[in-house]
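The letters A, B, C and D name the chains in turn, as written, and every chain counts its residues from 1.
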Amino acid sequence: MTAAQENHDMMFLSEQFKKTRAQTLELVTTLEKEDFVVQTATFMSPPKWHLGHVTWFYEVIMSKMNPSYEFYSQEYSKILNSYYQALGTPHEKTRRGIMSRPTVNETLQYFDIINKRVEEFLQNHIADYNLDYMFNLAFNHECQHQELLVYDLQHLLASAYRPVKHHVAPKPFSIEKNSVKISGGLYDLGYGGDDFCYDIELPEHKTYLNQYSIDVFPITNGDYLKFMDSGGYEDFRFWLADGWDQVKKNNWNAPMYWEKDGDLWTRHDFRGKVPINLNEPVCNVSYYEAYAYCKWAGKRLPTEAEWEKAASWNEQKQRKTLYPWGNEPISENHANLLESYIWGPVEIGSYPSGKSHYGIHQMMGDVWEWTTSDFVGYPGFQSGFAEYNDKWFSNQKVLRGSSFATPRYQIKNSYRNFFRPDERWMFAGFRCVEDI
Amino acid sequence: MTAAQENHDMMFLSEQFKKTRAQTLELVTTLEKEDFVVQTATFMSPPKWHLGHVTWFYEVIMSKMNPSYEFYSQEYSKILNSYYQALGTPHEKTRRGIMSRPTVNETLQYFDIINKRVEEFLQNHIADYNLDYMFNLAFNHECQHQELLVYDLQHLLASAYRPVKHHVAPKPFSIEKNSVKISGGLYDLGYGGDDFCYDIELPEHKTYLNQYSIDVFPITNGDYLKFMDSGGYEDFRFWLADGWDQVKKNNWNAPMYWEKDGDLWTRHDFRGKVPINLNEPVCNVSYYEAYAYCKWAGKRLPTEAEWEKAASWNEQKQRKTLYPWGNEPISENHANLLESYIWGPVEIGSYPSGKSHYGIHQMMGDVWEWTTSDFVGYPGFQSGFAEYNDKWFSNQKVLRGSSFATPRYQIKNSYRNFFRPDERWMFAGFRCVEDI
Amino acid sequence: MTAAQENHDMMFLSEQFKKTRAQTLELVTTLEKEDFVVQTATFMSPPKWHLGHVTWFYEVIMSKMNPSYEFYSQEYSKILNSYYQALGTPHEKTRRGIMSRPTVNETLQYFDIINKRVEEFLQNHIADYNLDYMFNLAFNHECQHQELLVYDLQHLLASAYRPVKHHVAPKPFSIEKNSVKISGGLYDLGYGGDDFCYDIELPEHKTYLNQYSIDVFPITNGDYLKFMDSGGYEDFRFWLADGWDQVKKNNWNAPMYWEKDGDLWTRHDFRGKVPINLNEPVCNVSYYEAYAYCKWAGKRLPTEAEWEKAASWNEQKQRKTLYPWGNEPISENHANLLESYIWGPVEIGSYPSGKSHYGIHQMMGDVWEWTTSDFVGYPGFQSGFAEYNDKWFSNQKVLRGSSFATPRYQIKNSYRNFFRPDERWMFAGFRCVEDI
Amino acid sequence: MTAAQENHDMMFLSEQFKKTRAQTLELVTTLEKEDFVVQTATFMSPPKWHLGHVTWFYEVIMSKMNPSYEFYSQEYSKILNSYYQALGTPHEKTRRGIMSRPTVNETLQYFDIINKRVEEFLQNHIADYNLDYMFNLAFNHECQHQELLVYDLQHLLASAYRPVKHHVAPKPFSIEKNSVKISGGLYDLGYGGDDFCYDIELPEHKTYLNQYSIDVFPITNGDYLKFMDSGGYEDFRFWLADGWDQVKKNNWNAPMYWEKDGDLWTRHDFRGKVPINLNEPVCNVSYYEAYAYCKWAGKRLPTEAEWEKAASWNEQKQRKTLYPWGNEPISENHANLLESYIWGPVEIGSYPSGKSHYGIHQMMGDVWEWTTSDFVGYPGFQSGFAEYNDKWFSNQKVLRGSSFATPRYQIKNSYRNFFRPDERWMFAGFRCVEDI
């Protein structure tokens, strides 16, 4: 690597660092101090904690590369450790909302101090693969928490939250067909590029697929209402046994955040309590609900390989692309796609330029999509960063795509998100496939 | 009642109202906004909630006297209702710490607005018994919450809390005897005066006592350490069955807030983590621990009648007094007695002027004292204010006296405090009696 | 004591022992083996366990008097220890139903073997006070378990249980008055006789009572239905806070074992599912329900002193009696009173010869009666048999009288039964008093 | 189908029915009545329940084929329904141990009555595919419960259980190599034969495998002890996050049924408490423990496709076989293999004639083997018998092979067993694979 290249890479890391940090702060500019502190459910974390945790993660990264690195505060490290046993006993997740101290101001001060340390660190280090990998990991990590923060803000405040970004309503277009046939055979699953990716996206490996047809759009609120109206939540035959237990135990009768107002179904989100938009993808549903819908509809959920092929495969050129629309990063053309988190998922067919080579829409930027694939390592998996991903290889299902709250930087066809099958607080929906 | 008298009474109510409100605010002047919001245990409430609740209670009082009174906000009323079923479904106590809104500023604004409404209300009403009773109830209610707030601030912040009052260390004096003999016979239990008291202090009624001897001082930390050092927490024989279950379940091995630092027992309180003062009354112990100590010591806890007679009876004049030291309100002479909550209970024999006619010390102003009496109504009990006291007539033990955090206004020999036998977060200790 | 007296006493103990043991076996003669084994709720115990436990208790008694006594089996001792910490760690109560071994036959064999040991023991010991006390304690203990066994058989089998005793239906008589006035003043509470009593019935001591009036009959099913029909279970105003929590949590809407069959209330008991008899005392109600009824009726529950005076005091002769009807043991005249447990409580006024000197009926032999008195030691209490009674001095209410399942041997005006206020599985009802 | 063929088939069904029923009874011949009744853990069922349930399942089968079939008893049907929502609300599984009735004799009577009904049913029906399928399903179902019954008897009685079968100790032979290399490429996963199989074994479908090497023997107790001795249970790095939670919560430090006796590890099983046999496969371990062992050893668990290919593929003939040793049913030659459940898994290399074409030993008849494969339907899955298998398609891992308690009739290379990853009460072990 030449000095010029090195310099270039360091510039890039430094630029990306600043952007990422600014984006985090932007999400909390309109909060009151009190909003930073509370934990409204065991699955969410106080905004103050997210701010501290992503900051602390840079300290972890620096300490991995420089063993003599001294953490800012032992107490902060203890509180801000999410689940890394190697870094001490993490503070219990369900008790993140009982700490008034460090205060918001102290947390922001910590945020700034570590920013300075990181910039110095970047200036004083020679660019090598490891540096690049480690900081890219940290940026991606921060992006993940930006998205979690948006989920948490919905739970905490819903209509009282006002982020600074503004949504430009896209124009829907008319739909030609409902599903697309995908051919079978061997497919190379996983990341095949040269840039950063998580360990769980590797290695790229062969998998055999039967032919199948896949929906051109995610299931919409309108579709889902038909399932509800035909008694979907009352008929055990559509449900997995564990799903039916959840339905009974939690009295589920609609997606999370839905509320019936007289005869009208409404939804609590950042716009307040608004009537359901029938054309938007259904959101905040568990794996169990996705599964039940599919069984009701006589279809099934895709495997992650089926989803990825539908998003990646360019039949004409017989090769994979990084994004559904190709290999070029997200352009202005479909920028809105990924910056709409003020409002929520967009309508059917709003972004024709974002469709895949097979003509499949909304695979990115609306809702994460449940697959039937268990979250385990690919054949030949090698752990990248200890305790980050592989210790979660049980009881989780893979979700693919991205949601309207996913930062652009994070998006990739090969990205594997994962949640437990009963979780509903994230922006997750689904689309159906059928055997042919 | 003459107009002059009426005017005088209104003046008194108005003055007392202002004092009480100011005292509440004084307790929170040194808090950060974040401190107002969190709930660190299910038994405590966020300071913000206390502020709102005592304010809302004046709204309840006004609505009881003026049926057309309109509450400031339905939403606030729902959140700030502690447990009054008649006033709607109360917000679940364990979930008081999940609300960032109303903010602290909004709560303080509410505090001020209701202050103005109360003052107007007092100016526009003719003084009658009911007005007097209702507002005295509200003042006493607010005093109770001031004390609870201090308990909660200890749990929330302990050494990080800095109230504005300052403690003047009293001079201990030498002790002459350990216990005093009290004669038996009929005793009139309960409040016998003309001023405000709670319904549960009435009616004054005869009760028969055997003779007994009672400790001149509450059990001290030094006494309690002997119990601990002789294996008190490991020997089931001293414990009630339910108490032993708590010891095992919670791994109790010392009073709450105690922590062993090497060989030294320390205590977390508003002074930080400080070594145990052997001469201070033991504090933050449950009924079970008090009971076990007494059994270990070959003694027993008093009944509430035994405690009250020891505090009230003037053997010479053959009549009861309002306070241990007589009928005059707390004078400057023993003022400190009741304004020491910055630090904690005072040392043995620090306030000789506060002793009872029998020569018993520290019955007021240090720690509440557990009695074996079940909290039930006195014979002939009539409910005063619905759902305030009598719905708690089960599974609670009576405590007598007052703690260093009890506002002066609240103190009285006949006052009946009550907690469940496993609770330890309040400033409770005990003294022993013996049959003769 | 002369040799003749001694011999007489030993004869008595030996006779009583045989009677008591036979009575226990009689209760289980109609059971299937499978019935002996199961535990249908955490509050009950398998019949096999009761058989073993009362047997083991004789081993405990013998070991207390003869330190070299060797227990039959260490394993049995562990399993059959109910709650005596001094005798090892008791087997967890909620797990008594998971043991198929020792089998029923092995348990009955154990029952017989210990019978022989006890009879030898009695032959070889000189009668002294201690022997007398210890064995009387064991007989009383076995009687207590006979009653608990009947409760448990109701829960386990209800209508499928067929004990061998038969009930002769008594003739009701007409009612003259509803309540009786009892004068106030000092009363000597507790046991004043020379025979065996439990430590908790001692010492007899003075207590002061205001005058009061007490119901001539326990509250009947008919009375209680009026409370239910007027919405008693839906109106928080009648309930203690802890009681209301139980109502909500357990969906209580009637006494235990009641079931609504169309418009008709029925009850599951040893007669099968039968319509409620309006004239029988209400049974299987908690303290909370008794309290709520009284509040609804504008009355209150008695204290245990009020109950005992009403049962014991002979106004004419100005002295107490052992039983409501006097000092003579239960005669043939009111024998049925106490041998009706096949069916349940009897009708209003069925046994006029069993009434107290004040003319109060059914104080013995129908249902235990809740009092407001907390279960604590009397003034001057001395523990008799460690861990038997006094370790339960918290969170329990005293019940007085006896139920249709209480063995005759056990019955006494001064007997203090105790249960937690939320328990309903025992045969408990109540009667009301009023201040005058 | 000719009449002769039909007759032949009916004969077969009738024979197999009798054999299966006799085998069930054989398992309980040595039990006491009390043993039939109790439920010693929420995951197990009382033997009486198993007897009733497998009997009731024949009623279900007959009712599916003959809509006018009348069930023997509505009450029995309710109690004996395991989890079929379509057949009414099943009795709660955790409460199977609270019922003493129907008694054991009544249950055995029911067993016999239904036997007669089935035999009549078989005589009166024309053999068609459905009949064949339905009864084969019922036989397989009963075999599954025979195995579960053995698990449950171990938990209930362990050393006190004495089945009637006897074990002939096999002769171990010397080991040549530890692992075998299996080539990669496309493999046809699933059942490819003509006889009965479960719906979840279908359809046979292509899957792509990388090459891998697989252990010749399951992990032995000796192997596992090395993991334990090197601190495996104390080091979070080897564990899945959910597994580590289980270790902490349940204080796992060895497989289930292991107990440390001084320095010696022992195991409770049907032989009593015996020292660990270092050469036997480790048994009663969870998926989490299997995973942790592999990670510690630098290896991994196989997928179910990897396991099946290793068991089925005849490299020479380039085709699959039904059993590891070929297509012929279990011969006398390796009969013991599958009838050893009195004692437990056998020693390394004890049955050379049972090895697979690749030379892999003990794939059948010792312990079920954990795979990383999530239990979901194969591509193209069609549900066979509603609610039997497919409603469990979440939160379960596939296990392959069979245990020493699996009835011969049940065994097949393509058989997919499934349990939750934290379950340990079944006879499950594992073997490792490595990427090459």
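Going forward, a contact is a pair of C-beta atoms (placed from the backbone, for glycine too) under 8 Å apart; a residue touches a chain by one contact, two chains touch by 3 or more.
Heads up on the chains, UniProt names are A, B, C, D = Ergothioneine biosynthesis protein EgtB.
Worth saying up front: this structure is predicted, and the values here are computed from it rather than measured.
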Chain A and chain D: spacing of chain centres that average the CA atoms, whole Å: 39
Distance from chain C to chain A - Cα centre to Cα centre, in angstrom: 63
Distance from the mean Cα position of chain B to that of chain A, given in whole angstrom: 51
Sequence positions of chain A contacting 2 or more other chains: none
Pairwise touch network: line, ring, star, complete, or other: ring
Complete list of chain pairs which touch one another: A-B, A-D, B-C, C-D
Footprint of chain D on chain A - complex, ascending: 83, 85-86, 186, 205-210, 236-237, 239-244, 287-288, 291, 303, 372-374, 376, 379-380, 386, 391-395, 421, 435
Residues on chain D engaged by chain C in the complex (per definition of touch): 32-41, 97-101, 103-104, 156-157, 160
